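Given below, in the form of structure tokens, are the structures.
Look at the two complexes coming up: chain A is in both, with chain B in one and chain C in the other.
For the complex of A and B:
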């Protein structure tokens, strides 16, 4: 259990001590990257709960999503259209969907447990 | 299972990195802005304070200006008064000079001539029948009393310092000798001077009683030479 926590901690520390200043034009990429990472995390969580978790899909998801979103944003900047909004929108919707599914799964699990307890007693 | 944890660790690491990085990035991007705003505010405050100060200075300067103007006005008033005073002084000085015989004057006046009596009765003292120094003085005092502004005897201007002496057959005025006939000229109101001399029981009457020849006449313009 300590490995993921250690990974998070290392990530935080690296992020804290990285003192790279990026131009303001790339601020959109950062927001997209955050969303992609969160999406992947919650997607993996959902897959784990639904018992169809795949390690390769999980790991490749985050990088692929980030690259795709960044590419879209880059294209948007080049064309003068706010295409990063597309990625933002897609990630946002997926994030909410995933969280909603996770919530339902938890509720379902809680109910099943409650029923079991009732049967026991 | 171990594999899962490892990949989860990597994903968490990446997520943490991105989150913290962007957090730091936006904090950095925002702080200068707020600093700038702060600076602007400070500047504005400073300018405002300066403005208020300037306005206050203006006000006090305006008040000062007002005071100064009032001062100038009062000074001018004083100056005008002084000028007027000086003018008055000058006027009275001229007047006094005139009265003292220091300036040449001319104007209406009268002329009085005094001569010894032609006829002297045997039994009388002839001294009573000639013009004496005190007779001349009498006439002159009378003229002064009647408001004469300038008097001369035989063309010699008299002043308040003048003295008349009797020296045997002649009369000395300020050291100058004069003999009969004595002609006294006076500037002033001719009517006033004449009537005061001719008053009954007055100077002329007394002189005439002694047989002294007194003739008076009004003159429209008499010129008196200044005293040297």
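For the complex of A and C:
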């Protein structure tokens, strides 16, 4: 459980201290990539809780989503339409969905545990 | 679990980069060694100058704080004279250059129609950067508050119109020949030429600048009440 948090922390530290800077023009792509990663992460968490987690799906999903979103944003820039909003919308909706499902699953787990405790006592 | 960890690490890395995007806005220091040395020299000069000012102020303070009324009065008088000199209310003489503004050639801007306030202002800025200590334009002594403006196509300095061409600009400086050389190749020279005017620059050993006759109107200053 703590390993992903540690990973996040290590990533933050590496990003902070390597002093790599992204030009402001590419900030859009980066934010979409972050959103894609978040989406995949929560999707993975949901799948894990629903016990249908697949490592290949998860890892391929994150890179595929990032590339797709960045490609869409790039196409948008070339066409002069803010196509990155499409990715933003899709990821945003899915993020909320996944988090809602995760919340429900947690609540369900908590209720089941409480019921068990009642039965024990 | 390992893949999730890798993904979160990746996510953290990207988030850190995202923070870096807005952080990188401050300009980079691209000065080379000579520019740094130059800046250092400037800072040292400023340091010396500030120290001089400090000791001067301390000397004044000592004078004020002495018990002797006579020396207090003397100090006050000195301070007042100093302020008057700074405000350009005294006649000042010394080495300097005499700049005569005239038409570039016959038929060019002889009535001085090319002359405008911006031109004069730019010239004054340039003179100040070239090391001028005091400037008088056609007997109008310039202070920090001297207005230079156009009224009906005529340039007014200190609320007095400039005379017809040619008129003199007297500039006091400790290094007149340097200032002369620099002024002759300055931007102002080209600006003046563009307007059909030119400046004759002459080094003078003894140049006298008139006092600024107008007394300053002080509107927003009040004496501090002592405790």
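Keep in mind that, in the parts below, the second predicted complex is superposed on the first by the 112 of 121 C-alpha atoms of A that agree within 3 Å, B and C clash if a C-alpha of one lies under 4 Å from a C-alpha of the other, contacts with A are read in each partner's own complex, and residues count from 1 in each chain.
Assume a residue touches a chain if its C-beta (ideal position, glycine included) is under 8 Å from a C-beta of that chain, and two chains touch if they have at least 3 such contacts.
Remember, it's a predicted structure, so these values are computed and weren't measured experimentally.
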Taking the superposition as given, does A:118 touch the first partner, chain B, the second, chain C, both, or neither?
neither
Scan A:6 for contacts with chain B and chain C and give back first, second, both or neither.
both
For A:79, is the partner it touches chain B (first), chain C (second), both, or none of the two (neither)?
neither
Chain A residues contacting chain B in one complex and chain C in the other 3-12, 14-16, 21-22, 24, 27, 30-31, 33-34, 37-38, 40-41, 44, 55, 58-59, 62
Which residues of chain A touch chain C in the complex?
3-16, 19-24, 27, 30-31, 33-34, 37-38, 40-41, 44, 55, 58-59, 62
Chain B partner, complex, touching residues on chain A are 1, 3-12, 14-16, 18, 21-22, 24, 27, 30-31, 33-34, 37-38, 40-41, 44, 48, 53, 55, 58-59, 62
Residue set of chain B touching chain A in the complex reads 3-26, 28-29
Which residues of chain C touch chain A once you look at their complex with the stated criterion?
1-25
